[in-house]
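Same chain, two partners: chain A is paired with chain B first, then with chain C.
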Partner chain A sequence: MKAASFERVKDAISYTYVLLISGLLLLPFMVILMRSVTLTLPDGTTTFSIKPYFDIVQAFWPKVYLSLSIAITTILIDTAIGVPAAYALVRYNFRGKRTLFTLLNGVWYVPGICYALSLIITYYFLYKWFLGYWGFIGAYTCGFLLLMLMTCIVAFRYLDPCYEESASCLGAGRLTTFFRVTLPLVGPGVSAGILLIFVLSFNEFITALLLNLATKLQTAPVRVYADVTRARVLPSISAEAAVLQLISLAVVLIYLKLVGTKYLRGVILI
Partner chain B sequence: MTKVVAKDISKIYGATKAVYRAHLEAKDSEFVTILGPSGCGKSTTLRIIAGLIRADEGRVYFDDKDVTDLSPNRRNIGFVFQRVALFPHMNVRKNIAFGLKARHYSDTEIGRKTKEVLAIVHMEGYEDRAPAQLSGGQAQRIEIARVLATDPDVLLFDEPLSNIDAKLRDELKFEIRKIQRETGKTMVYVTHDQGEAFAISDRIYVMSQGIVEQVGTPTELYTDPSTPFVASFIGQNNFVTGTIKAMDTASGMGTVLAGGIEIHTQIPREHAAGDKVTACIRPEDIEILPEARGGSKGATTATIIESIFLGNTTRLHVDANGTILKVDLRGPERFSYLNAAGKEIIIDLEKCTVIRAE
Partner chain C sequence: MTTYERLKPLALLAPAIALEVGLFFVPLSLLAIASVTSKDSFFFTPVWTLSNYADIFSPAYTFDFEITFGLIIAAAFLDLVLGFPFAYIMTRRIRKYQDVFRAIMLVPLFGELYIAYGFYYVFLPGGPLSFLFSSSISLFKALYSMPAAVVALAIYTFPFSVYNIGISLQGIDRSIEESARCLGAGSMRTFVSVTLPMSLPGIIGAWLVSIGWGLGAFAIPTLMGGAVVAERMLSVEIYSIALLRMDFGMSSAIGVILAIIAVVIFYISLRASRGALI
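Coming up: the complex of A and B.
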């Protein structure tokens, strides 16, 4: 009897702890969400309304489309470059391979602002013809390529070479083997890279802010920042932030539903 | 049908000679096995034949065609891997069709071939199963069907049964042999399992530390091992090292003096009196003689140290003038020595193979 009640207390503490942690993680999002639907009327009373979401359609949605367009183009280019590069890095041995892996890992430890500045210098001051939208793409492609490389390297390392060898012995050439055997088998790894690049590039702020100064192109996160500095946290600005979060969350949930978490292990904390 | 020749091939990794000047031949429709312990270079040799590894030295020929520089997809081979390599994202039908599509077969032909090879491996009705829905034995059967479908000139097996339980392994090894006989394909099979090699092979290449130690039929390898390694690796043996005391060059009969015993036996003619040799005596070849033959030539007195009943065999450990020997008794005789420790017996050591001592 005593043991049973002790178990109940232990369970209660465990659940409370989990709820507390979940609450802490969800709190910022919930605050933004609540703020976006809470309107203060002229008489000082408050009411709930989704009007702020309609208010931002004209000014904010073009920025969202731009962010989406940049994220998707970055993903396409990084996939085209990153998948074959990761395959080569895993499957072929060459001098300095270990050093290269160490350097690739080292990029994670470069502060975001330093990285952003170096990209600005590279794509703005050095190559003046490479401005505007494609400057963004160039900077983001470079900045997020590592994510694609890492997820694909993990996937290729997990993939037993016997499938490729088997395909070759069955008479398939390299391209057929790559597209019909290798790529489908590392698909979840590639999609993990796509997911990470989407979430991070869609919400990226530091580089986007600096590039905004140089190119006058304003992505959705920079627009939120500009609105906050100009007019404080109005419900409409909270709605902008909530839209960004909802889009990211939807994409992550769809991914996890379709692919699961296996290929994200070792890449992000999951 | 195709003859396979791997001529003096070598593969060296740093200081390790994975394969060193190995020469291997498989005649038309022959079932050749490469047998050896882990790390002896047998899989590397097979992979060189397949084109999955490039040899540092030597050439590979299919019939008279030099295929050394051809990639695996241009050699028309079938390779069955140790781990089942069925593509997990394709069902059985698509797995079998894969090689046929690569060879531009029509859909009708693919359908016909699929049925045909599934019948050969007794897996009809499994076309729509995913590899994950197959047991180890079923998956290996499909794997064999997949390579048979492409009608390869040569079939290569890299320890295909090592991950399968003993009972199924027994069934499948004979099935592979049956398929070989029915299709007449040249097959090169790699295994570390001596029983498996003996059961299915026409000829066996025994490898150790990257080199081919001996080639022969299973009977030749068992009865006439030519190196100490083969003698110790194939079956069980008593090794008695000594010198040739006397030898009749005409008949080849001679006496080896080893420890406290004299062994009268046939000695290969390349040896001469005074040479240091090892007599390899199989435990089952040691005969217990009746007491009346105690004084005859070749008879040695020994004392039983212990007797172990193993069911179909009784294993005796005997002391023959300080040399400890294993003796296996079969048939009804095995029950006569169950509690025979301390008993004196007369043994005949004539049936043995004499090889150079290491």
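Coming up: the complex of A and C.
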């Protein structure tokens, strides 16, 4: 009896701690959201209003579309490149596999600002045609390919090769097997990569900040940063930041509802 | 094995390799080359010089390194202090609503920009934590200074830190802890002499990963750090020296140094935590 109540106290402390930390992680987001709907009247009182969200429609939404378009193009290219690469890394054994994998991941370990600067220099010096929309795509497909590789590798490891073997025993060709058996089975794993790449490339701003000067293209997060450094406390700027976070959060929640956290564990979640 | 079979994985990997070579290794090599040229001469007729590196290691930059690493290391320690109990509870005690807490761990991934901006409000007079500054026993000397930036940076790197610690805690065979208990060790003793030492690689890995991520922080030092941190943090200097002073040589040199430090740190942390990747 005593032991059981002791356990209950421990549980209560545990949940309180986890809730406190979760609150701390959510705090910046909640505060931005709160500020975006709080309007200060001339007499100093505050009132609830969603007017800031309408104020930003004309200037800000085109940037959101640009960011969305960049994120989606990045996802498409990374899926096309990452899925076969992960398949090869899991299913085939060849010399130097580990080294190759480490080298493919290299970009993840270099600080964003260093990578961004190296890209700017390269775009000016070598790849001049990249100074535009495709510069963003190039930077993000390369920078976030690791996420697709990682999640797909986890997914392919989960997949028992016997399904593919039975399909080919039953007479399916290699392509049919891949599209009819392998892909549907690893689909959720691939979707974890898609989710992570979406969240990170949609909100990425260091590379975008450096590319902004060269390409004159301003993505939504860079717009938020520029506004924040120019005039910090306006509700409309909070609304801009809140819109981006709400879009990201909506995508995350829809994903978790559909797939759950299974395929994110071992990649980025415990 | 036929040649065809041998070439197949290579063919599947070729686009990925081409992408990483073209947009990572080539740019990184150019960064290294640009770092030994003077000012913006790299784009015209390169003037070769090693003075950029000499400058970085001169006393003029000591303060910048102190600021940068002071901030990052402090944030990494805060991550450990807050993150270890969190990871321990998440892997051992939490049964219900586990996925909700996991989902919340994804929120800091949205980016340091929102964390910096959100915390800007949090510490502002009238904000939820403003009492820390207004009370007579003020914890922080100034609103936008090192401690504010440390807290914000710790929040940003928190998920990476928890991930590393959590993976190592999950890797501990529970029967070892049970044996310790059977042999008469109390729960405290078991924790200190079994669980903690066995999760040490993960803890070191987590600490290093936090440092590695902090190296690239940009929005938090500029928005939260106050004048000194915002100007002297190395990652911010890369930006300002390159694009405001047009001294690509100097900023590339800082970039190369930071990249080397980050790669070394991540390499050691991967070694320590045996393959936890992020």
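In this section, the second predicted complex is superposed on the first by the 245 of 270 C-alpha atoms of A that agree within 3 Å, B and C clash if a C-alpha of one lies under 4 Å from a C-alpha of the other, contacts with A are read in each partner's own complex, and residues count from 1 in each chain.
What we mean here is this: contacts are C-beta pairs under 8 Å (C-beta built on N, C-alpha and C of every residue); 3 or more make two chains touch, one makes a residue touch a chain.
Because the structure is a prediction, the values reported are computed rather than measured.
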item: When chain B and chain C are modelled together on chain A, clash or fit; value: fit
item: Which superposed partner A:P184 touches (first chain B, second chain C, both, neither); value: first
item: A:L119 touches, of chain B and chain C: first, second, both or neither?; value: second
item: In the superposition, chain B vs chain C on chain A residues touched; value: C
item: Touching partner for A:S14 - first (chain B), second (chain C), both, neither; value: second
item: Partner chain(s) touched by A:Y225 [first = chain B, second = chain C, both, neither]; value: second
item: Which of chain B and chain C A:K51 touches, first, second, both or neither; value: neither
item: Which of chain B and chain C A:I206 touches, first, second, both or neither; value: second
item: CA minimum distance (chain B, chain C), superposed complexes, angstrom; value: 7
item: Shared chain A contacts, counted only where both chain B and chain C touch the same residue; value: none
item: Touching residues (chain side chain C, partner chain A) in the complex; value: 6, 8-10, 12-13, 15-17, 19-20, 22-28, 30-31, 34, 42-43, 82, 85-87, 89-91, 93-94, 99, 101-111, 113-122, 124, 127-128, 152, 155, 158-159, 162-163, 166-167, 169-170, 212, 215-216, 218-219, 222-223, 235, 238-239, 242-243, 248, 251-252, 255-256, 258-259, 262-263, 266-267, 277-278
item: Residues of chain B that touch chain A when the two form their complex; value: 50, 52, 71-73, 76-79, 81, 83, 85, 87-89, 98-99, 102-103, 146-147, 150
item: Touching residues (chain side chain A, partner chain C) in the complex; value: 10-11, 14-15, 17-18, 21-22, 24-32, 35, 80-82, 84-85, 87-89, 91-92, 94, 100, 103-115, 117-122, 124-126, 138-139, 141-142, 145, 149-150, 196, 199-200, 203-206, 209-210, 213, 221, 224-225, 228-229, 232-233, 238, 241, 244-245, 248-249, 252-253, 256, 260-261, 264-270
item: Residue ranges of chain A touching chain B (in the complex, touch as defined); value: 160, 162-163, 165-173, 176, 180-181, 184-185
